[in-house]
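Here come two complexes built around chain A, the first alongside chain B, the second alongside chain C.
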Partner chain A sequence: MSTLVQGPAAPGGLRRRELMEKLTGMGFALPATLLLLTTSLAPLAVLVVMAFTDYDLGNLDFKFIGLANFGKAMTDPAFRRALWNTFMYVAIVLPLAVGLGLLVAVLVHGRKRTRSFYEVVYFLPVTSTLIAMATVWTFVLHPKLGPVNALLDALGIERQAFLSDPGLVLPTLALIGVWHLAGFNMVLFLAGLTAIPKDLYEAAEVDGCANPIDRFLTITWPLLGPTTMFVIVTTSITAFKVFDTVAVMTHGGPIGASEVLLYSIYLEGFQYFHTAYAAALTVVFLAFILVFSVIQAFVLDRRTHYG
Partner chain B sequence: MASVALRSISKSFDTTQVLSNIDLEIADGEFVTLVGASGCGKSTLIRIIAGLEPQSAGSVEVGGRAIDHLRPHERRVAMVFQSYALYPHMSVAANIALPLSMQRLSLWERLPLVKHLSPRRRSVTRGIAKEVDAVAAQLQIGALLARRPSQLSGGQRQRVALGRAMVRHPDVFLMDEPLSNLDAKLRVHMRSELAELHARLGATFVYVTHDQVEAMTMSDRVAMMDAGRILQLGTPSELYARPANLKVAQFIGSPAINVLPGQVDSGGRIVVAGAALPVDASLPAGSAVSVGLRPESITPLPAGHRPPRDAVSIGARLRRVENLGAEYIMHCDVDGLDGTVVTCRVSAESAPPGDGALLLAFSPFACHVFDAAGERIRVVDDASRREAVRIPGATAVPNPTR
Partner chain C sequence: MKRVRRVVGLLLVHGFLLAGAAFVLLPFVWMLVTSIKPPDEIFTATLRLWPRHVAAVDNYSRALTSAPLLRFGLNGLIVCAGILVVQLLVAIPCAYALAKLRFPGRNVLFVLTLLALAIPVQVPALPLYIALANIGLLNTYVSMMVPFFLSVFAIFLLRQFFKGFPDDILQAARLDGMSELEIVWRIVVPSAWPAIAAFAVFSFVAHWNDLYWPLIVISDANLAPPPLGMMFFADAETGSNYGALTAAATILTAPLVIAFLLARRHFIAGITMTGVK
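The block that comes next holds the complex of A and B.
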């Protein structure tokens, strides 16, 4: 009976309740939205606008110059070199940091008692401050005082000036980047490995996947697909943002051989005070990162979700 | 096709003994179920047969030869897992084909890209596809071959898992609680389907379950396990009619057997709830025993009714009745035994009218008597006498046999 009596009154009440729910929802979302606007979106908008001006830090006024900053960037040999170096850096870091992370994860996953020990050991570089570690690496790789060259000497190999040889500096920085990133990737892969049901390995064993390679190819690698995609995206973005080691260890040298994208932006913006030009370069940098993520999401996404 | 023999299998994890001295002979083509509560070691035992777990001692033989040194895939056994363990990234066809591809293609012929270099790969995969189709047709999943496991219902996944096991034509099928993840209705259906499959394939089945109904309905023989030992091995009817152990009696049968505390009197007779059973227990006076009575062995009569000759009767009060349509399950409190509820199973027509005081009549030879350790005691084992004391008016509920 009671439902019948309430029946006609319900729509009005319902509408009011829906409105209240909507308002409450927006209320909850408001602080986060404000934060996002003031700390990310508004600065980004300012940056994009600035990229189309001729503003230098300290100037009292500026005028819009259209795409001139971007045109300049295209022909700027320093910027082109930085772009090339950055891609080279990513090309070395990405496969090594992902491959090594995966390899170590698979090996560590098989350990029982020593697992946590290895996890900590491989994760330590991630927790360290790269700026501080860069200083340590500078010493480690020092041509005269560094232990690496001492070792090469002991092995009868010629000493190398890792940081001042134009042909060696970028690979050296990339290896430090791998050292810093592989541990983090290992943890991500370990999480992915833990999520693979043990049953599948047993079924595979009964079905004839007798050796570790078969098991890896049949179960581990395909089921790590979603994890791998995530690791590739985060690793390439992190590698693309390389800055700390360059700023501390080489300052882009020798003769620009280790100049990378973020470092040129830093030079233009905060050393030469070409604020507008730096803004334009930053827009290019963001565009690359966006393209990276979109391509990877599209290419890999299609083949990796089983849900 | 092959027989399976377990010779003194023991297994311990660190210091915990999981299986102790298991001996079991399974004939070629037989359907044997390992049944027991969780933690009794039944899954460990089937995993030892599969080669997924090494035994601590003893030997597994298939077809008369020891296979302890063989890897799981070399043992000619197939396993169906409780979770089905289908490969989520492969189509149904690829799932079923995997055991064959592993057998017939070399590692190079399975590697991405490189595999296209092999000239014979094409004809081999075509042959495999044909066999997959045949198995899929048998299981009526031919229309699902292109799908991924995530797009299948529980019952369909179950069939794919069966198909993956069948495609290799193994000597022995090992099934680890394969129906546990299905809903009740589908489980009943798959039960009969599995039994039919067994009959059709003629292969040896070793089946693990904690569900006594599955054990009773499908198996040729049942091995009831507890704490790493086989308590009793026999046909379903044997386990039901002559449980060797109190635990077997309590595990097999639904509703569960009634267990009443009893004692041996000075005359060697068993006294339960004040009634003396005219049987000789051959136990010292004063020994405590447990008396098991199947719900269908008890005939409830209205109080004051004269119990039939040779029947023993005890007083009880009706607590509640479950109406199952064709039969009633009557729950009664036994007089003088506080808190002991006895269930009786009677057909709808023969349920006594009214409520309150009842007389529970049963033949002394329907009692299963167990000593303090739970072992069955021979009382009087004379089938002809048992027939003689069938209680008039009691409707026989057929034993659940196959």
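The block that comes next holds the complex of A and C.
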């Protein structure tokens, strides 16, 4: 502990040192504390209060209307659709981005000469600017000019309007989400795999566990447990916050088939300026994020103990 | 028999990995080849990878002259660098205080930090937008940076790192008459370099690619960072000129991708260490 002073020290000197340490500590923490209050906690408090009012941006005054905004949200078909779509999106992205990330990591981990090639390729979408790539995807999926439909044509399958067919648009966006996230998850899984001691595999081989699938099930999968939990939670949060591809590629359309939670909040708050209503939707959004985060806190805690 | 099985296994593994790689690379390849195709070759139904006539100069000069693409890149650089510098200046002393100093309110501050870790920027966005509008700061670089000046994540990460620093060295430095500020910047920070570099990569990638907040506070195209600039450009071109559009996408995606290819190890170490996006 830093308060322990070597050798005999006068009690007065000790007290002065303690006081100095307190002042230094508070001084060091002051800028962060001020920013925490002004850019995070105070806005959060204002947001929650606003959610119970009828304030619209530009109004001179407002009154408290209790839970009316939340009631409106519950019965608003657009919001219910957005919430449903967001969960559907997560339901598609989560298993694919985690499963493929794990599968690719396990396969890449066993490669020697080609490992860095695959690592670079699969990680590329993470570093690329999603907005720019979403624009490119729009073109890749173009019903007439895109290579995907040309391929379908060549295979004798009917051309698809991926982004303007209400039944296809959400799965299509979800696949782009998988494209964007799988490489990120692969890197996290690779780190988890590297941490598994090699002699465990040798021991398993001695014990007659020669088949790669057996080895995966008896060693890799259990030891990757904490990493897998962590990847599942971060992927859920990222997928839940889907916004970029919707804003660029579909604007929530066609007929609301790709409306998602953050896009609704953006429209209500910053396009229609229904400020209080958007605040209520944000509170709902935050509630879901907090559930994920509580799980994540437990996972992080476990990861620091065992990982 | 065993060899045959090994070869078949390898073929299956590489077959799967290469198919996945083709899916991952598809938009990149299509972006690059479209960016050098003339319009008549883009607007034909027949699929052709390499163009018969290379129109790279046309497309790229069109992209560069019809939108201030380099300006978007510069804006991104200014915003990301500004955010990162303030984040480090604020987070490093705070993380050190939380890790090594006893002061009143330390535990409360740490709990609040953990709480704030869970709050994405979309949550304080409405109140911050209203506040920035009231003090007339919309459409400025500062407005793009303000919500990110405090990185509770940096505080959390660096606190973990600083906690492991030996107390004996700090005590010896104090006895040598070094001030706490000198200790932080000259002894502790250099030792935490891997964590700081990892965080810098994380912060830069996150804010270079962020669309949500700039979309809210910026309407002046001259201030747009790359993602917002790309959006303005795509809207202005309304999909009519795919050659120029993909050329613009190439120019705006290139800086981070090139940085990644050059410093691959640091990127991957950074993502692994920070883990959170």
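Just so it is clear, the second predicted complex is superposed on the first by the 266 of 307 C-alpha atoms of A that agree within 3 Å, B and C clash if a C-alpha of one lies under 4 Å from a C-alpha of the other, contacts with A are read in each partner's own complex, and residues count from 1 in each chain.
By our rule, a contact is a pair of C-beta atoms (placed from the backbone, for glycine too) under 8 Å apart; a residue touches a chain by one contact, two chains touch by 3 or more.
Predicted model, so just to flag it, every value in this text is computed and none were measured.
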When chain B and chain C are modelled together on chain A, clash or fit
fit
Touching partner for A:L217 - first (chain B), second (chain C), both, neither:
first
Once the structures are superposed on A, label A:G225 by its partner contacts, choosing first (chain B), second (chain C), both or neither.
first
Which of chain B and chain C A:D199 touches, first, second, both or neither
first
Across chain A, the partner (chain B or chain C) reaching more residues is C
Which partner chains sit in contact with A:S164 here, chain B, chain C, both or neither? Use first/second/both/neither.
neither
By the touch definition at the top of the document, which applies to A:G208: first (chain B), second (chain C), both, or neither?
first
With the two structures placed on a shared chain A, what shortest C-alpha distance in Å links chain B and chain C?
10
Indicate the residue numbers of chain A shared between its chain B interface and its chain C interface, in ascending order.
none
Under the touch definition given earlier, write down the residues of chain A that touch chain C in their complex.
1-4, 6, 18, 21-29, 31-33, 35-36, 39-44, 46-47, 50, 57, 100, 103-104, 107-108, 110-111, 114, 116, 118-133, 135-140, 144-145, 147, 150-151, 154, 179, 183-184, 187-188, 190-191, 212, 230, 234, 238, 241, 243-244, 247-248, 262, 265-266, 269-270, 275, 278-279, 282, 285-286, 289-290, 293, 296-297
Touching residues (chain side chain A, partner chain B) in the complex:
197, 199-200, 202-210, 213-214, 217-219, 222-223, 225, 306-307
List of chain B residues in touch with chain A within their complex:
50-52, 71-73, 77-79, 81, 83, 85-90, 98-99, 102-103, 107, 110-111, 148, 150, 164, 168
The chain C residues in contact with chain A across the complex are 9, 13-14, 16-17, 20-21, 23-28, 30-31, 34, 42-43, 45-47, 89-91, 93-94, 96-98, 100-106, 109, 112-114, 116-120, 122-131, 133, 146-147, 149-150, 152, 155, 167, 170-171, 175, 180, 184, 205, 208-209, 211-212, 215-216, 226-228, 230-231, 234, 239, 242, 245-246, 248-249, 252-253, 256-257, 259-261, 264, 267-268, 271-272, 275-277
